[in-house]
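Both complexes below contain chain A, partnered by chain B and then by chain C.
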Partner chain A sequence: MTIKTTFMTAAIALAATPTLANDVVRISGWGGDNIVVVNSLINEVLDDDLKAAGITVEYEPVEGDFAQILTNALSAGTAPDAFYVDSFWAYPIFESGKIDPVPADNQDVADALLPALNQAFTYEGQLMGIAKDFNTLAVQYDMDIFDDAGVDYPDMDDDWHDFRTKLQQVQAELDDVYGICVVPDYARFAAFALATGWQPINDQGHTVLDDRFREAFEFYVTLPDENAGVLATDLGQGWTGGCFGNGDTAVAMEGAWMIGFLRDQAPNKYYSTVGIPKHPETGDRGNLVFTVAWGVAADSDVKDSAHKVVELLTSEKAQQWVLESGLALPSREALADNDFFNGDSTAAITSRVVFEGASDGQVEPFQFGEYGGEWKAIVDEALSAALLKERSIDEAIAHAQEQFDRLTGR
Partner chain B sequence: MNKSLAHKERIAGILFILPFCVSLFVFFVYALGRTFLFSLQSYDLFSAPVWNGLGNYLALVGDPLFILALKHSLAFSIVVTTLQTGLALLLAMAANKQVKGKGVFRTIYYFPSILSSAAMTLIFMWLFQRKGVLNQGLSWLSAHGGLLAVALGIFLAVQTLQFVLGRRRYDWVRWGDPFHLIVSLGVTAIATLVLAGLGVGVRDLAEPVTVTWLNTRETFGPLPRTIWAIVAMNTFTTVPTLMLLYLAGLQSIPDSLYEAARLEGASAWQQIRYITWPRLMPVSFTVVTLGIIGTLQMFDQVALLGDAAPLESKITLAYFTYHNAFPPGGTPRIGMASAGALVLALLTLVMVLIQRSVGVSETTND
Partner chain C sequence: MTETSSNSVQTTLASGRLSDRPDARREQAAVRRRQASTLVLMYGVLISIATVLLGTFLFALLASVKEDPLEQPFRFWFAQINPVNWAGAWEQGREGSGNAWWGGFSPGGEVTFHLTYAAPVGEELAAPAIEIPRRRPGTGMAAAVYTDFAVDYASDLDIRREDGPLYEFTNKDGVTEQWQQATWHVRFRYEGEGPRIERVPFSSQAPRSQTLIDATLPPTRMERRGRVASWENVTPGVLGYVFNNYRRVFKESVDLNTGDSLFMSWFQNSLLISLGRVALTLVLATTGGYALARLKFPGQRAVFFTMLVSMMIPIQVTFISNYLVIREINLLNTPWAVIIVLVVSAQVLIMKQFFESVPREIEEAALMDGAGYWTTFYKVILPMSKPALITITIMAFQGAWNDFFWPLVLINSPPSAFALPVGLLSLRNAYGGAGDWSLILAGAFMSTVPVLILFMVFQRYIVDNPIASGSKE
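This part shows the complex of A and B:
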């Protein structure tokens, strides 16, 4: 081989080798336990893939109000290249034009996700982020309490009436144990409201509190009066999981975050999980999807590399590791068949029920479009007023409707 | 002084005030100007601002939440400033007395001020829970109110009886004689325990008191119950610092004035009315001014309540501004937030001017 041929061969070989980006991609999400999770993903699970792509990832955790800090950073042009976007506050971020839509290259990743999750991150027909994980609501029940009371455990076939009857029986049988803690929070009440077929924001963009809403509202706010529950604040708690963890209630209505919470706070609790009770007539369950996506900054200098990092962070390999570590539920539909879900541990059962909740019945993402938290605050206020007997059910709903008419028009 | 020295001194003076002038310009003049400009625009932090003229101010007037916030801020300011000024003066007078353990009392009085606002808010949220310490205390009072009334009656009767009997033998005996007080307290304690054992004055409550202090829309007078809870919290934490100001003021009044007054036969009240209060005018001006500014701009204690209380029951002007700048899950409304902030600034200025013209002034009234 002549020298000339050798140089030509080397040049062709170099040209054929994929170029390494050699980019540094700054990504940002929550602080706390999440720091270990993301750093483990970057440094252990995806290390080889990132090296192959020539990308160095730096994780910048944020302690505090993430949405506010991100809003300021996006506005000031100092935002990281990729970051968490919570479905609850996704709309104004998408509307700002500061998010780069998911490119065609990542479409196969998007197609592999649960449809309900993509729905949460679609803005004007474009997918703006790739969901990394999610949660839904389920019923966690204390098996010891039900055994002591001699009451059947809640099951997947329970409708609202069965559910309430079981809670009433537990409350009647045991001193100082209530059925469920009731909180004036749409994020829990929605499981009942949506089951009726009620739409939070209808096709015309308005909120109408019709008879279906009223039925769910009455069922929910009368749980304490029906001796099936207690106001969480009466037990010094702010959420159903707190009452459940303390052994004050027989059931909680929370997501898979209860696994970690109970492991830390009540490690000896003997509990299991079933789906949200069905509406007695429609036979449907209602549920909310709480989900967080990875978004890429439109102003990023390393946009392509940032999309590549997001693709890797939401790859099957990464999600399988997250699932099997018991840290979060994967957003990929195919992982429904993962062996982890078929286990008989409490964590596996809870994860399975919560995972299935995303595609069982009337499911809506936990987001309220352009109205944001103001929409939710109206329902919360109505629930609170009725639960505290400051307004009758009809007055509370009528007042809420007036507020919705001002907010969403009619 | 020659010209060169005067020139050098002028330069040195300018250099001394330059850092302050720069920070004043950047953080006040520029920020104020920018805020004013934003208040005339529609701006969401992302898109280019759009000129809106007085639209934001007109929207404020038509926004029921703003009117509510304005009403809450004004009432909160008047109530808390009055309470904290009065209590701070009383505490300072008590702490200024020549008694044993004065230092310990002053430390105890000042203790609430060294706790962070966040810690205090969390403690108060715990106290104000529906089954919290406050409601438990009210339940106890409600159940034992009759017994307490009986105990008070016994105490007064025994004390008066001792006073009457003592006066028959000694002219100098006073009603509040310490020895008589000890005897009266002892008799009252024994009698109360016996009566409680017999069930006299004690009633069984069908339901314990469960007043909702925070998560409620109920109002009491000009303020929602939630803000009354914040009034208690704010007063508790600010009084000690203001007490220190009054204490310094009290210690600067010469004893000779009081001695002269006493020689002239002035009563304790007359001494306060004609010596203490006029001499404390400059301190009172500072205390009231700080009180008005601090209460009108109160934000942290409302923000820390979080979801524990509905927005309508806790909103103040400062929180209204924040709520518009960063609406939860919504698009920032910087124009409205800026207009709200300027109204708050103007209101603060007007309130201070009003108190200066009709209330306490910064000069001593001799």
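This part shows the complex of A and C:
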């Protein structure tokens, strides 16, 4: 082989080798357990895949108000290349045009996800983000408290009345324990409201607080009066999980994020998880789906690499690892049959119940389209007014209806 | 003085010593009572104000060293400030790592921990189930940073029981019972080589009929309705025990890409921003104030009026335009953006008033000696303006150090670029919005230190009225 031929062969071989991107992709999301998940994915699980793609990932978690910081960064053009997008505040971000739609290359990843999750991130017919995980509500109960009170544990067949009766019995038996912490928050109340068959926004695009809503509203805000619960603020807490973690209440109504919280704050807690109680007449459970996607900044200089990183972070390999670590619930439909869900550890039980919650009964995504937080604030205000006795139940609902009429039309 | 009392005094003087007369003595006593009551009232008001102002400070300080700063009811006496526990923490730290101050668990360490349980006579006093759990410290970033666990290195766990004397226990119903007690001495070692582990979590589970009445260190929390006593760290060392939250601020808030402490980055950023703003404020306030006070130029009144108006405009009105300008000159996410966004009208006004109170004769004397405007300003006027300059320095530093709005708007990435107030906000973690208040409080408390030092060093200058000082002839 002549020198010339050798050079030509080498040149052809080099040209045939796939070029590496050599891009640095900045990704960001919020803190808590997510830091461990993403950090481990980048540095352990996907390390080889990222190297093969020639991509270096810089992870910048934000332990604060992520939506606010992201909004500022998007406005300034300094946003990370890929970042979390919560379904709750996704709409205005999509509307701003600051998110690059999911490219056709990633469509197979999107097709593998639970359809309800894709729906939450679809804007004007385009998929804007790939859901990374999701959560729903479930009831966590402290088995020591129920044992000491001599009351049966909550179970999957409980309806609202059974649930309340058990909480009343616990509260009556134990001086230092309440049934549940009640919070003026639609994100918890919705589990009851939706179970009645009530629709937050009806087919005409309006919100109507009808008798079904009133039934759930009355059940929820009278839990403290019925000696089945206490206002969370009376215990210096802002959420049901805080009261539960301290051992002040028998149950909490939270998602799988409780696993990490209790592991850190009450590591020896002896608890388990069941589904949300059913409506006594419809027999349905109500629930919300909280989901978060990876979005790619439209202004990013490394959009292709950012999409590649998102593809890897939501790959089956990554999600399998996340699930088996007990750190988050996967968004891929195929992982519903994973052995992890059949385990008998508290984390496995909680994950299974929360996973099943997404397709059990009347389930809505935790998002309110163009109305966003403004819609939720109206219900929260009504709940707060009724719980604090500032308004009667009827007055609180009537006032909320007036506000909805202005917001969504009659 | 009233006419009656005047007459009385005259009469008294005529007839001898004031205190010899019974009515005069009564009057003196009444005066003393009035003085005393005025004194009590005055001190009462001062103490009340001090309590309100310092009380919150004290609350924050105490809460910042507690394991659970949100505990209700608030306790003023708790484990971290009990000297008995300091001694225990010292000894445990020494045993675990040879470092009695900061504790830990190092190769060669041998730790003995004592637990005393009691139960009514007749009940079985069973050995507790001891565990060194694989528990990662804190949340969020800490979980990513700490990868070594004490359970992987602790070995040779040995438990020895020692029965104690019977004692009388009065229960909540007032009934006195005979109780038995036993102490379990739990010992474990760090054999072989390995890293220094910062914490050794520990838990002890006993039947509900048994009560933990004593331990080398009080448990961090009782779980499972009294069944499980749980310790975050049984080898803390005395400083690690009392100031654990403060240590966490440095160690559990790190840049995952570089491993550097985020808190230190935020501190340095805030310091740079504050010093930059102070320097800029001093330059603008002194030169602007001097020009308005002494120089005559067209439009002087308009400038002064504009300056007054600018004081009345809230920053929210101008923030979008300021933001856009800073974005266009590529200063976003840099400390310089926050340094240059400042309004110094008030400081210019203070300096103008101060310079106007300086006698013109002093400047005229300097001019007569051949000094120009700049020399007069730099070498004569400025040295005389020390009280005013220090006041402005402190005001500017405090304002910049505590500024939240501009750093939040102008610096949002990466987290290591945050200023301290914004960084502290980010110490909240993500469990449904619940915050790690131990971390936030400790961080917030440390953030007050530079301003406190500044106030302590320069407080006498703040008490002095700069204008009054400057106007002395």
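Keep in mind that, in the parts below, the second predicted complex is superposed on the first by the 386 of 410 C-alpha atoms of A that agree within 3 Å, B and C clash if a C-alpha of one lies under 4 Å from a C-alpha of the other, contacts with A are read in each partner's own complex, and residues count from 1 in each chain.
The rule is short, and it goes like this: a contact is a pair of C-beta atoms (placed from the backbone, for glycine too) under 8 Å apart; a residue touches a chain by one contact, two chains touch by 3 or more.
Here the structure is a predicted model, which means the values were calculated and not measured.
Three-chain overlay on chain A, with chain B and chain C in a clash. Within the superposed three-chain model, A:Glu381 lies in touch with chain B and out of touch with chain C [touch as defined at top]. Look at A:Leu235: by the touch rule set out above, it reaches both chain B and chain C. In the superposition on chain A, A:Phe88 contacts chain B only, with no contact to chain C.
Of the two partners chain B and chain C, more chain A residues are in touch with C.
Looking at the shared chain after the overlay, A:Ile27 reaches neither chain B nor chain C. In the superposition on chain A, A:Ile276 makes contact with neither chain B nor chain C. By the touch criterion defined above, A:Val62 reaches chain C but does not reach chain B.
In the overlay built on the shared chain, the residue A:Val36 is in contact with chain C alone; chain B does not reach it.
After overlaying the two complexes on the shared chain, residue contacts for A:Leu46 are found with neither chain B nor chain C.
Comparing the two interfaces of chain A, the one with chain B and the one with chain C have residues 65, 68, 72, 235-236, 238 in common. The touching residues of chain A, when paired with chain B in their complex, are 65, 67-68, 71-72, 74-75, 88-89, 91-92, 95-98, 184-185, 231, 233-236, 238, 367-368, 370-374, 376-377, 380-381, 384-385, 388, 390.
Listed in rising order, the residues of chain B touching chain A in the complex are 44-47, 126, 129-132, 210, 212, 215-218, 307-308, 310-312, 326-332. Within the complex, the chain C residues that touch chain A are 70, 72, 133, 135-136, 138-141, 143-144, 201, 203, 205, 221, 223-225, 227-228, 230, 253, 256-257, 323, 327, 332-333, 408-409, 412-415, 422, 425-434.
Against chain C, the residues of chain A that register as touching in their complex are 26, 28, 30-36, 39-40, 58-65, 68-69, 72-73, 76-80, 144-145, 148, 235-239, 241-242, 247, 254, 257-258, 260-261, 263-264, 266-270.
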